[in-house]
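The structures considered in this document are given below.
One chain, chain A, links the two complexes that follow: it is found with chain B in the first and with chain C in the second.
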Partner chain A sequence: FQDQAEQFLRSGHTNNWAVLVCTSRFWFNYRHVANTLSVYRSVKRLGIPDSHIVLMLADDMACNPRNPKPATVFSHKNMELNVYGDDVEVDYRSYEVTVENFLRVLTGRIPPSTPRSKRLLSDDRSNILIYMTGHGGNGFLKFQDSEEITNVELADAFEQMWQKRRYNELLFIIDTCQGASMYERFYSPNIMALASSQVGEDSLSHQPDLGIGVHLMDRYTFYVLEFLEEIHPASQTNMNDLFQVCPKSLCVSTPGHRTDLFQRDPQNVLITDFFGSVRKVEITTETVSLDRDVAGFESKFPEEELATEPLKYAEQLPVAQIIHQKPKQKDWHPPGGFILGLWALIIMVFFKTYGIKHMKHVF
Partner chain B sequence: AAPVQVQLVVPIAVVFAPGSLPGDLPRPLPFRDVQEMEISVNVRTSVTSRYEMLYRSTTGQEEAALAAVTAREADAALHPLQDTTLGSLTMYVVPETSSLLPQGTNVYVGKHRSALVRAGGSLAALQARLREVTQVMSFTASSIAAALSDRVPDGQLSPDARRYLKSSLGYEITFSLLNPDPKSHTVDWDIEGAVNRYVKPVLDKLSLVANFSVDSQILYYAVLGVTPRYDKESSSFLLSAHSLPHVINPVEARLGSSAASLYPVLNFLLYVPERSHSPLYIQDKDGAPVSTNAFHSPRWGGIMVYNVEAPPSPQASLPLHVDVDMARVMEVFLAQLRLLFGLSREEVPPEFLLESPGNEGLADWELDHLLWAHTVENIATVSTTLTSLAQLLDKIGNIVIKDDVASEVYRAVASVQSAVTELSLGHLHAAFQASKEAVTSSERAFFDPSLLHLLYFPDDQKFAIYIPLFLPMAVPILLSLAKIVRETRQRKKEPTKMD
Partner chain C sequence: GGMAAAAALLLLLVVAAGPGPGRAGAGQERRDALREELLLSPLPTGDVAATFQFRTRWDADLQRGAVSHYRLFPKALGRLVAALGVRELHLALTQGFWRTRYWGQPPLQAPAGAELWVWFQPTVTDVDKAWKELSNILSGIFCASLNFIDSTNTVIPTASFKPLGLANGTDHHLLRYAVLPREVVCTENLTPWKKLLPCGSKAGLAVLLKAERLFHSSYHSQAVHIRPVCRDASCLAVSWELRQTLTVVFDFFSSGQGKKDWSLFKMFSRTLTDTCPLASQSKVYVHISPKNKEKELLEVSPPPTSVHEAIVQGEKKTYAVYDLLSPSLFNTSRSLNVQLKWKRPQDSSEMPIPTLHAQRYVGGYGLQTGQICTLIYNTHPYRAFPVILLETVPWYLRLYVHTLTIITKGKENKPSYIHYQPAQDRRRPHLLEMLIQLPANSVTKITIQFERALLKWTEYPPDPNHGFYVGYSSVLSALVPSVTAMKDMDVEQSPLFTSLFPSSDGSSYFVRLYTEPLLVNLPTPDFSMPYNVICLTCTVVAVCYGSFYNLLTRTFHVEEPSRGGLAKRLANVIRKFRGVPPL
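Up next is the complex of A and B:
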């Protein structure tokens, strides 16, 4: 028991957060949504509440006109498990899943009118799990088929989080093609990263369901989930076991991991440190002695009724101000170096080739 | 991390009652003395504490007050005669044989900012005792190190040093009543009355530190995640200490953190066990039942189990009506609130007698304790934030700083400088207010939505966009240029050739 207590104390975190991102949309990317929702279910089952999960999905699967089983998203063949269920709380859905929003969530630079459920309110004692899935390449991850996030940007975002101590420890899991390239550039401390495939390898999907007509899950996440099914809130399984999940024989790609930035030995890191939410508790041994016969209390500082205007989301864009605004006097700047040089070059070549006398045609 | 050098000045008045003067005073009273101590946290962070002591003898009024029978009466009588600025301390030295302090007690710490200290013979012994008192009543090296916990190299801090609530502009307190068995118990709790009578005085005193908002709720059919086991000897149900961490999670999903507030939430839960699991007691790790029947989790809140007395006859009609004894409940909750903030009275030397602060919840010197820690923490946070903002600007050369962000940065710098100055002058209140302003401004500047580095394109991306456009266009130009150069050279050569 003493050893358990020691190990428990060594984790040093008091709360857990999870940021789960599915970066694809469209029906044929069903498996990415199923991946994310399965991780979401596991994380909820192990104890992290919805208020501490930021779920970003395109959310166009369950009600897609091509879905033969509407309002469901299945993760196992033969429709064994509906991961969509009744209580999925998607925080960023559809077109809100953008690189900008993702980086805003991570760094905390969010407009003041954003609701609490869309914020990552972590502090220096938070362990954060970040799971990303979708289509990726060497050094980038595609977001919703229209933009990309590079590994440099991601590393910079994590550094901004570290500067503001927005995490205690961070576990980054990515299930895309060439996933290992995304964690190559990390340089902030206390980050552990896992990827489904190395640079130059593709991550493969697991099994198609002939009834639904698409592949339901990716291999890496499928085996990670099988692994997580064995975990319960009190389990002592550590990260080394997670690194062994999905060897090349099952996954075809080679999963990779990175622990050099992490201060603790992965042997001592429990799975529930990131996937679950087991809190440290202390027995309360002190009490305050209160005098029961006390009448109502007159506050020394009477509350001032601050008339604060409720912030409306629409008012972020002050339409009235913009419509009635006179165009700002922009100071004229002479054209800058590159453009100036280019035009000078073009004009010089023109006149040298055709002769100076043609200048009269210009003026 | 950014360098932080702060000097904490504590003005202390040491007042000697007649008959308590040690024999070896260096100078006749009154005289001043300064003691400095360095608390070095890491290479670039150092906090110096400077105790400015004024030794003097009692005035006539103070002598009259010290003639009281008990220490408590003396303290009450001395209170109007003291310096009550935040951060200052007054210590009254009473003769060794004085009966004001009970036997075996050498120090009595009042509920304001004063203490009664028994003289110890020599000046050195007295000063050692005074130093102990100062450590209890203002700050210790470990409390300052805990406030600067993110600068201390890992491994040097004890693991429980980072469990206190971080300094924040406000906190939200939620009281929840959990009734898993409404068929058997109808629970009535006068939470509004209890908050008005017991909680508001404490929050009023803490209002100097932060804004507090209180709300309450009742949850039905909310069960604990753990099944307690039945103990035949005590014919009660027991929850062991190592199952407690798993209790909180299933409940937390239903608590619902407030959607409106961005402040940290402190949850206090009162659990009335089901009839089939009553009475329910919590065991500590030695197996003994806990007297308060409550436990708390750092930075989260606390849970108390409230057992309903068995009905007089087993055939009593269900549901039983339960009127919760709010005073008993609030005694535990307020104690948990103090512990969450880091105000514990358990590590005090045995010969100290601490006066209970009563309904105010915390003594004035405990409030000072919080203010010292929070001021130092705020100054360190502002320093780190502004430095990292500067580093961000260095890294992304073409980032645009809006005027309001710039003005927030200036304000933060001015406030933090004023906070450090005020600390070095011994004005704790002004220093704390300045540090709060500094934190607000620096957070607003750092987290401004316009500083997203995604919006600013580095030069190599600009090249990557324009090169494919201009390079094909430039090929004929460059070739023509080469042709021109060749022709000019030929023409230059020709006149000499034609000769």
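Up next is the complex of A and C:
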């Protein structure tokens, strides 16, 4: 009991967030969506609610016309696990997944009318898990086949987050080719990063499914998912075990990690610190009495005034009224710059030709 | 006209806790009621259409008075209506297309993608700002990219989309209409829709709504309609009605495995086990009326609790009714699996043709010009009726209005009303609204030519070779003459699928049709060219200009050969000894 209390005090976070991004479009990139949804599923299973997860999927695979089993995304070739499920909330879909939106979500500089489910409302006591997957190269990650995010931009975004105290600790996982290049440039404290391959190596996909016709998952995330399936909210597994997932013999690429910016020893960091949402519960012994008078609440409604004459429904196709409709009065706008300039030119030429003395006839 | 319409909508309110005349007293509960209904209609081609309707009616005025206690009416939508001054809201998310020609008139059709149209209250001063806020909030609630609705795809129709609820005058400046044809509909849109239902998807008819079966269909449309309705016979007070409808058409070949016999289990892989305890009415209707009024074609099992006859869309139709709240239904077995069997095979000659149907296609060739052709068919043998055609064309297809031709039976047909609003590049789409009279038994062809614009290279979506959507489906609103005159209905007692549109008189019924969405290829640049051009240009500049610069600015001077260092002299001495010429 004593060292459980110590454990609570050591980690220092009070809430958990997750930002899961799939950046690839088109049907043959099915595996990237399956990767992201697997992590989404694990994170939800371990306790992080939908309101604390920002899920960005760059294309729709489940209801894609080429999907022989609609509304499903499978992670294993025997179609054992439908990672899409029945209760999924995708916050950024399709064309909304852009570098700009991703950086806005991270830094919090979002237009005021954005709904809550699309915001990352973290504070300085939040542990954030950021998972990205897609196609990448040395120093960049491709978004939707039309733009990229570089490792410098990502590092600067994390620094902005640190300056604004938007995270307590951050775990960054990336599953792309040459993924280690993406975490080379980080310089903000309290960031731990994992990647599926080193610079110069490609991350490979796991296995194709002949029924669906595409590769279903990437190797690194497949083994990470297998590892996470054994974690439950009370498990004590630490980060060193996560670093051992997918050795070169299984993954063909060499997964890498970076812990120099992280203050705590990875041995003491629990998996559930980032993947789960373990809440601290304070037990109190004082009683709170609720107000019994609930019935009187209903009577507080203001009196409704009723209309004096009956209201009616509108006619759906009032032919006579439509035919005799007056056209909408076009709002008068003062003439724009071009017209004014043209007229000024004409008048200037006129007076230049015929002399200034004609001006007095105007006034 | 209007007063007669109001009188025609008399309904008998159950007087259990009825208000005194002229006063809705304080201290009285705000009553809300939920009715749920499933309509199964076999279609002429062997497919089956299932329409779910969940209607929550709340006897409170959301606009006036601060309402803070929500029971059946979802709080998210109630607060939206109150805060933004919304009078009517209709949002539909659809995947697929309803083939009117083969399936008949739809109960309530929606275009593929997302469609949102809203009437605001007259008290709203800045309608555009409220519209933008509304689309953003709805995109968060329904996980759809409705935040892409802006001025480039919003139009203000002037004659169509009249309000479906109580209206005090129709100033079309308060109406906004937008369609997003690229919108995908999947489980993430169905989940929040199901969460708005009072019983969720745990009890009642909503247990049938499983995503894997619903999206494996030819047509899937889920919609949310909020409107004010009359509270009672006198129509002096306003109630707010929320209807959630879901229409799905299961395909004869893929879901039905080639057999025309359907059952709830075959369609939804589930059966009904119990009712939602919050629902005051929960019924399943099966359309069994014979096509040619001879003996019945369809047999349903288990035997229905009652049979209901109604005049729907101008025709007399018979329905087998299963009342889930009646105690006798779940007596024999714990689950209800309605099965439909055909008694005798159908001939293809029995396929009825709907009175009004339309199709649209793009003509022309090449990447510069084209034309949009719409064909409207009126198959009624002797009645003519008017139809309003609404076309919204995006700005990058420049319409030539002087090429607009409307031809019926070989002669030109002049519309009685035209409203055309030209597009502004990158700001506003084209809007064309026409009221056309369709003569009996005729085909009307409407053509208009357009030219494709070249977009700026940053304006292309990430997959430009998919194509661009034209015209967002023309909308036809028509009053189609009915075969049988419709009687005045009691809205509370009649099934929900008959009270979607307020009816004015019995001689015709209102229907709204959408045509196919069209895809057009715009001239698309090769997006790798900027990189190629930069490489090529830089190479050329470096090689040509660089060498030229060197030639012009380099000075040459003669260099004395050095006598050599110490090592060289030593080597020369050794070479002299060897007899070899020196370095």
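Methods note: the second predicted complex is superposed on the first by the 283 of 363 C-alpha atoms of A that agree within 3 Å, B and C clash if a C-alpha of one lies under 4 Å from a C-alpha of the other, contacts with A are read in each partner's own complex, and residues count from 1 in each chain.
Rule of thumb we're sticking to: contacts are C-beta pairs under 8 Å (C-beta built on N, C-alpha and C of every residue); 3 or more make two chains touch, one makes a residue touch a chain.
Nothing here was measured: the structure is a model prediction, and the numbers come from that model.
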Contacts of A:47 with chain B and chain C, given as first, second, both or neither: first
Partner chain(s) touched by A:107 [first = chain B, second = chain C, both, neither]: first
First, second, both or neither for A:117, with chain B first and chain C second: both
A:90 touches, of chain B and chain C: first, second, both or neither? second
First, second, both or neither for A:163, with chain B first and chain C second: first
First (chain B), second (chain C), both or neither touched by A:286: first
Contacts of A:72 with chain B and chain C, given as first, second, both or neither: second
Partner chain(s) touched by A:263 [first = chain B, second = chain C, both, neither]: first
Residues of chain A contacting chain B in one complex and chain C in the other: 115-117, 297, 299, 301
Of chain C, residues touching chain A in the complex: 1-3, 5-6, 9, 22-27, 29-30, 60-61, 64-67, 69, 95, 132-133, 136-137, 139-141, 143-145, 147-148, 158-159, 162-168, 170, 182, 184-188, 191-192, 210-212, 214-216, 230, 234-238, 386, 388, 416-417, 419, 435, 461-463, 477-479, 501-502, 504, 510, 527
Residue numbers on chain A that touch chain B, as the complex places them: 1, 4, 9-10, 12, 14-15, 44, 47, 49-51, 99-100, 103-104, 107-111, 115-117, 119, 121, 123-125, 153, 156, 160, 163-165, 233-234, 263, 276-292, 294-297, 299-301, 342, 345-346, 349, 352-353
Parts of chain A lying in touch with chain C, wherever the complex brings them together: 25-26, 60, 62-63, 69-72, 84-91, 93-96, 113-118, 144-146, 297-299, 301-319, 322-323, 325, 327-328
Sites on chain B touched by chain A in the complex: 149-150, 154, 159-160, 162-163, 166, 196-198, 200-201, 204, 207, 225, 241-242, 244-250, 252-253, 256-262, 264, 282, 284-285, 290-292, 294-300, 302, 304, 327, 330-332, 334-336, 338-339, 344-346, 356, 358-359, 361, 384-385, 388, 391-392, 395, 446-454, 470, 477, 480-481, 484
